[in-house]
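Okay, so subunit A shows up in both of these, paired with subunit B first and subunit C after.
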Partner chain A sequence: MPPLEHLHMKNVLQTVGVLEAVILRSFGPEGGQVLFTRDTGQAMLSRSGTRILTALQLEHPLARLCVWKHSTATGDGSKTFILLLASLLRLIHAAASKEPNVSHSYNSTKAAEAATARHLADKLLAFALKELDELIATGVVPYGGRISWEDFTATAQSPSLANNLCVQKLLRSFFHTRFGYTHCDFISHLACELLSYWKFKNELPSFSLQFVSDNFPALHTPVSGFPVCASRLIDGQVIHRDFATPPLKTDHQPVKAVVLTRSLQPTLLNTGDVLEVGCGGRMMEERSIVHFSAWMERSLQGIIANLQTLGVCVLLSAVKQSAAVLALATQAEMCVVECVSEDELSLFVRLSGTIPIWDCSMIEPEHVVTLTFCRPIQLGGHRYVHVAFQDSEERITVKPCSLVICAPGEGQTEQYACALQDAVRMLLRTWEPMHAAVTTTSKRTLQSHKSSSLHTDNLTDRTTYRSSAIQPIHKCVLEPGCVISAGGSFELLLHYALLQHGHSCSVSHDLNIDTSVSQLLANALLSVPQKIYAHSPRHFLETQSKVINSELDLGLESVSCKYQLLLAVLQCVRSLLKVDTVLPTHIALHTQSSRPASTSWEDTEDELLSGYIHLHTHTHTHIVYHAIYKEE
Partner chain B sequence: MSRLSKKSPSVCTDLPLDNTDICEKLYLLKQILRSCFGPTGRLKQVHNNIGGHVVTTSASSVLLSSVSSSQPFINLIKTSILNHVSRFSDCGLFAAILCLSLIEQVKKSALRESVAIRVNKHSLGLCTSYLQREDCDCRVKLDFCSSQNLITLARSIISSKPACVLTEPETLHISKLAVQAFLLTVPCSSPGVVSLGRIVTVPVEGHSVLSSAVLPGLLVEMPDGLSKGESLPNPLSVVVFSASLAGDLSELGNGVIEVHPGVDTDSQILGQLLELGRQVVNNEVKLFVCQKVIHPVLQQYLRSHGVIVVERLGIALMEPLSQLTGAQPVATLHTTIPSKAYGNVRDLSIRRFGSKTMLHLLPLGESVICTMILCHRNQTMLNELKVVCQVTEHVLRLTLREPFALLGGGCTETHLAAYVRHKSKNDVPEAALLLGCSQTEYLLGVELFCRALESAAGALEHDGGNSLIDLTHAHRWTLPADSIKETNDSLGFCGCGLVESSPSSKWTYLNTKYAEFCPSPLFRDTPVQPRVLDSFTAKLSALQVAIETANLALDIKYIIQDMN
Partner chain C sequence: MALNGDEEDFEWEPPTEAEMKVIQARRERQDKISKLMGDYLLKGYKMLGECCEVCGTILLQDRQQKNYCVSCQELDSDIDKDNPALNPQAALSQVRERQLASQSPAPSHTPELNESPSSSQGNMSVPQPRPEHCEGAAAGGRTPLPPPAVPSPSRLVLQEAEEAVLTKLRWATNQLQSSASLEASIQLCSLITSCANSLRSLKEVSQ
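And then the complex of A and B:
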């Protein structure tokens, strides 16, 4: 049995303190980037807290526990998460060591301290779940503003409108935290433009945002070797493959295209089939192998001729086509694009409203889609296929466009792509302040529908999107689209609201609410603006007074993201303090039985398991938990 | 699964720019690249530790890709520059030197990194908008009616690669060939979207550089058994196959084929191939080309009917060949070849270059395919020459989109530095407010930016001479090391060759403080042509990439290395 590692508050504080020190390098206006290399040797850049923390490859289970997966929902705030966590733990520790809980008969002060701390954490969470949203609604929201979908989409049509700067400001401050000052203006403008192009008519804003978020890999092209300002939007869709045949020579427009899901050439022999040559069977007259291949070529010619009569000149294929197909298509003046990825093909199918061809012998006019053009496009070192869709009233409700992200290095293009994707997620959360549980379930359904969307009809696909977007929202006082000035004003305002709340409670002698809890939370919150203005304390004081008069102009932040972040921190604190012993064990990783619940977990949680089991003291009995990280 | 091991923790570096190891490495990299810059740059020999091929070069693409560092910070800068080179082919060394100088300058000063980043971006904005302006004084409009400036541009690129070891007339010869080949690939009369042709390079070792040549059409390996005396019709019909004609089976699927005894599948397939041959001969094809292998019996059959057979052409030449001949590649063996799949060539001739004998296919009409035969005395120099010609071709192509060139010889850099200094002096309060820094910080930041630019210009000098800047046009001048007196009349022309020294002009050493001034425009009606020109597109992008990379490097506060 390996030695037990008893955990004490101090250990927890120490671990979190180390993480805080790393995070602080990239926090706030003076923060910079973190460069990290993957185990593959690939270099990446980030200011995103989640990325930094996961890149550390933390070994200590407590530290891993801190790398909470909350940011998948909001796409933002993992740096603030660590800061808040550290400051809360410090305050709890201070409070616990000051007055150990004397009502219980613990045999050591350490145990007594731990019990008090645990008790405090429980109370904090209970308080937050009960009161926090109302406090925010009354104490914070009035100082902020609201952005609405109309403001936002107006950006493209008339950039002079004053109120639509709101979304851009929100995005700008988000990007500022992600890659610094230099390009945040440019990228936020680009993101706004992208989203306004992808506005679905007669749909909820969340539908459009969810769509962009889901299809982001197919919607952007990273190009390295160019300055960032060369990034741009282009009309239509970019298919990340080159033509397998010479592209269309004549510039005639529009062009007709079909989507293929299998090889045009009929497979003569499937796996397991046996072709007998020269046996003189009664069924087959022709015995020579040559005739089989001749038959194959003839049927292929028939298919090509059929496509030609339909006027098709672009074949988009999910699989590789044979040399004969390519040669015959070239002769018929068609161009072929092979091995198009499933994501891109399903997006193409969705945008064009066509039906992919399954059976090559039955190609009907409804399989054929008319495109404005289909031409090669040179992006960086690659030549891709660029298609644009024809506007058709009943089918297309958006103006499809693709994003080209340019940067000098691959690490940067990746960073920008990630930040854009997270920004969309953040916006989505701003519009739909939902509880985490609801969010994850709705996401699951969306994903499962998306994967089958290649086969399902367009219309049903869309209805599932809509229905999942307006799932019943549980208790939620926050209105959608609430924003507040960035630069620590949320924390400051909530700090005052909590103090006031505590004060009013103590005045009214409400015995149910412990005023020390709100006091503690209020003090912990103050640490965030303190860290932001760490380089100049004068600024901190100035900001404090400005926030009260709501004249701060530093950008915007989403209130609901902040709220969720705070809840996540409190949950994390509670589970951190509940662990009292780390018990290293040696699990034979290849046995299935040792990881019963692992199938439902995601990657990082799998990693958490390797080698550690936690003894979890719950109601004074020792229970071995595999999945301590999961919220009960 | 049994080999699953626990992941080791990552190695972290806090504040990499304060790390002496990283700073030393950055300095070393800068010294290596600086010493290679320009026509008088020193060469580097790259060879690996297991006695591999030795490469002699001064090209950034070769140098940077062979420099490998365990330090991700160095690799970040390296890949940024390499990516630029892979897109624009030119100005890699310039970008790298500028980027490293700027990092060094900011590092040496007391300026906060976040302020430096803002000021750099602002100064870069000044430079790019100035370079895009109509009245920009370091930009030359390229005139496609005369090849003069194009040849100058090509020559500047070729002469900046001393590893080619070319004499003055050889440089001129290659420059002219490069421009000639480039012009051949531009279609003369085609409305709508223009698609450029291809230059196929054939390297020939052991011959004088002056015997290099450009030929319209395509050269292919000489086929066996070609009799010379035969008179061929004009034009010749051509067929091109992309499928193998070796007698193997085409894709039938994954199933199993059982062949019963007594059945000769091979001869059946061969019979089919011969049938194809008969069809081709009946259609009076005189040149039969296959990307892959042709069955010997079919070859023999075709030859006996007076058809020239070329096999194993390779995928690289397939596209130029079908462009040249107008033939469409055939991959079906059982169907009749459609008449439009046949192509034509005007004539065939046999050409000899050194040890190589090749078949020259001449296009029927105007064609955008041409062949460049490059000769040089040995393999190393030939390789470098090949690379240089490709770079030149790329740069010349870039001029089609933006028909400009920048003054070379360091004059653009010094001019830009003077311009930025002058421009920024005039709007100090506004800019400082906009960038959120103090006025002193702003001025210091601009000064660092300009010094980095001038340091890139100064890197052109390797022979112990001094770089000067004149205080009228802000061009770069060289004061040779052996000249004792600093008289004005001995300076001759400036770096780009556009300005001649006159007794009234004043100079100062580069990287010394001088009172800012507005660079005065040159009189454009003078018949003097610049002697050195740089690619506009490549240099503009190099400038942007260099500053952005430097900004990024300055912004990095922490490094995490995964050691798994």
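And then the complex of A and C:
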């Protein structure tokens, strides 16, 4: 077994430097795309930082730590995350090697450097939690603007507004970074339409956005083989299952449906049970299993008859129904949809306001829901069930619709779906009230990600910072909907604000700590616009002057997302610098279960490795490295 | 930087110019390593959790389960450059150092020459334009080598030749540091190269 390895700053720097080199060429508006190929010959182009980083084969625990942290932090900005991380670590390393911490005695200079670096990281995080939002509110937000939730498209705006701020513009810049300019207009328009349909009246925008984000898998249908412009919205809900029995012949409206959570035919017998066929002591001949099943069928017929009297024609079942049920339902001219997924069923239940049937012997009228129609719909190569709800007062006052996402290939539909979901998440962050965002982010990540290891990671992170922060409650709140022009303006403005803060701190009282920390952060922030304009330094200078005069018109970015990103970077820096030793252990891996929670397409490929980069499948023993954290 | 590793307070002094060059060279090398490793990762190599024993770089593993260290196997080694047994340039600079140290009080630039043997190849300062001197010096630097078959008087000749070449080398270095034109500095560098070549040939001849 390989020996314990003590980590030095050099290793940390190298790891993050390598990740930075990987994403650097795809960064910025002129960034390139990565071509992923598989052993099966499938190919996919992507510029998304999340996809690139999660597709890499990384066994080094620090690298995996970086990739996990970023993928849970925000829906976007993963490349910026890595860039900021790398520049911060380099600056901390430079600062730490300059002033070794002489108050403790250490075995070597490396240990002294590591301790200083850890200390600096803690100070940075504390500073950021305490003062950064104020700085942003005073130094950055005045140069940007506010988007109101009501204005989705530019046409709804009053013509006097010069900047033309609207949700669609924000989404357009977001999709521009993912797809390029070909389809970003169309997709942003589609996304705006979807969100305007799903606007819950009398509720906060964050409520609707959270709803759409949580139910997104049930709200969209990927269809491959069509051009992207064929994507559209469909009224009602699309259930991603086909009819198990022939669909309704006569299109009589309205249609009544029930939701079943269990099989109609109760399983009285399990494997291993012994059935004693008799009749209470009286010995009759010809009592056999045939009679038993006939009795069971009669009870089933009773249930179906009950449903018929209630006028039910559609059965939506969460489980597979037996053949007897299907036959009887067909006879009774009912159609059955089996194995509907849980989230789709819960969405259906929520939108229809009905109660699913639990006990098949007691079916009441409140279990029955009235639909406008329930018919098959052909989307691409699959046939699904399309339902539309009748407007009723009890239901939520929203017009349900479903999104059909078309793209030439399967990988691309998945990319578009991911991008849309990330866009919704980004909007959610933008409209979340700021002081609540920091402490409830852990709850949201609990909801949106299923992997338990990430839970504990985030929770321990949040609890540790909460205990170490001096003032846990922020008094200053960034207003929801703040945006700023894209292209590095946030970083530039914050850079200047931090420098000014540093100067004013050093002038008013000699808190050297604050000055150096804000200086460090300011310098680190400058690396982002530098990399964006690495191709043309002249543009960098021009941009700087334009930003100050608020003339930049390269698109919009959300201020709170950037703030969250910065906080996530600082927390990641702290975690990375806390790692003391690497302990190798042997565990047998059947799948790459140590990978972070991934999208559905990757989940289905259990044996093959996720990600497209030419990879082999490994199902034998692996050496997995665990990072040991130093307690201080 | 006084890095002794005991518990005493260490005084941090700003690094000298030579040390800055070393730091810069090291940083560039690290950047190159990171870039190469990033390219390999994108090609499908796996980043392991182990480090190379020789240089401390993170190891990569290709699809055939073979471990690969980017800095050892691809880049020229950082320290081999200074090893006289492996590098003729380093050997030459060692010879030069000894020569200069054995001579009478040397001009002010020699301490720098002695301190940075490994960065002697990259001194791109601004020289002044003196083309005719350069040509003459170049012609002087390319002193005809003494014929190989000549016995002991050749030893004296060789020594004189070496001294002449070293003088020219020293002069050229001086000029290079103060020159302001690109052309002149290029010519001075080629002069230095030819001086070094001559020294090498002289060394071979004397052995």
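By definition in this document, the second predicted complex is superposed on the first by the 439 of 632 C-alpha atoms of A that agree within 3 Å, B and C clash if a C-alpha of one lies under 4 Å from a C-alpha of the other, contacts with A are read in each partner's own complex, and residues count from 1 in each chain.
Keep this in mind: contacts are C-beta pairs under 8 Å (C-beta built on N, C-alpha and C of every residue); 3 or more make two chains touch, one makes a residue touch a chain.
The model shown is predicted, which means the values in this text are computed figures rather than measured ones.
**Q** Go through the superposed model and pick first if A:Asn11 touches only subunit B, second if only subunit C, both, or neither.
**A** Second partner only, subunit C.
**Q** May I ask you to decide whether A:Val228 touches subunit B, subunit C, both, or neither, giving the answer as first, second, both or neither?
**A** After superposing on A, A:Val228 lies in contact with subunit B but is clear of subunit C.
**Q** Quick one: is A:Arg298 in contact with subunit B, with subunit C, with both, or with neither? Answer first, second, both or neither.
**A** first
**Q** Classify the contacts of A:Glu20 with the two partner chains as first (subunit B alone), second (subunit C alone), both, or neither.
**A** Once the two structures are laid over each other on A, A:Glu20 reaches subunit C alone.
**Q** As a test of reading the superposition: which chain, subunit B or subunit C, is in touch with more residues of subunit A?
**A** In the superposed model, B touches more residues of subunit A.
**Q** By the touch definition at the top of the document, which applies to A:Met362: first (subunit B), second (subunit C), both, or neither?
**A** neither
**Q** Taking the superposition as given, does A:Gly31 touch the first partner, subunit B, the second, subunit C, both, or neither?
**A** First partner only.
**Q** So which positions on subunit A get touched by both subunit B and subunit C?
**A** 22, 34, 56-59
**Q** List the residues on subunit B that touch subunit A in their complex, please.
**A** 1-2, 4, 6-10, 12, 14-16, 72-73, 75-76, 79-80, 83-88, 112-114, 117-118, 121, 192-193, 242-243, 249-260, 262-263, 265, 268-269, 271-272, 319, 322, 328-335, 338, 340-341, 541, 544-545, 548-549, 551-552, 554-564
**Q** Within the complex, which stretch of subunit C touches subunit A?
**A** Listed in rising order, the residues are 3, 5, 7, 9-10, 12, 30-31, 33-35, 37-39, 41-51, 56-58, 63.
**Q** Which stretch or stretches of subunit A touch subunit B in the complex?
**A** Residue positions touching the partner: 22, 25-26, 29-39, 43, 45, 52, 55-59, 180-182, 224-229, 246, 251, 265, 267-279, 287-290, 292-294, 296-298, 301, 322-324, 326-328, 330-331, 380-381, 407-412, 589-590, 607, 610-611.
**Q** Taking the touch rule as given, give the residues of subunit A at its contact with subunit C in the complex, in rising order.
**A** 2, 5, 10-11, 13-15, 17-22, 24, 34, 56-61, 63, 98-100, 102, 105, 107-109, 582, 584, 613-616, 623, 625
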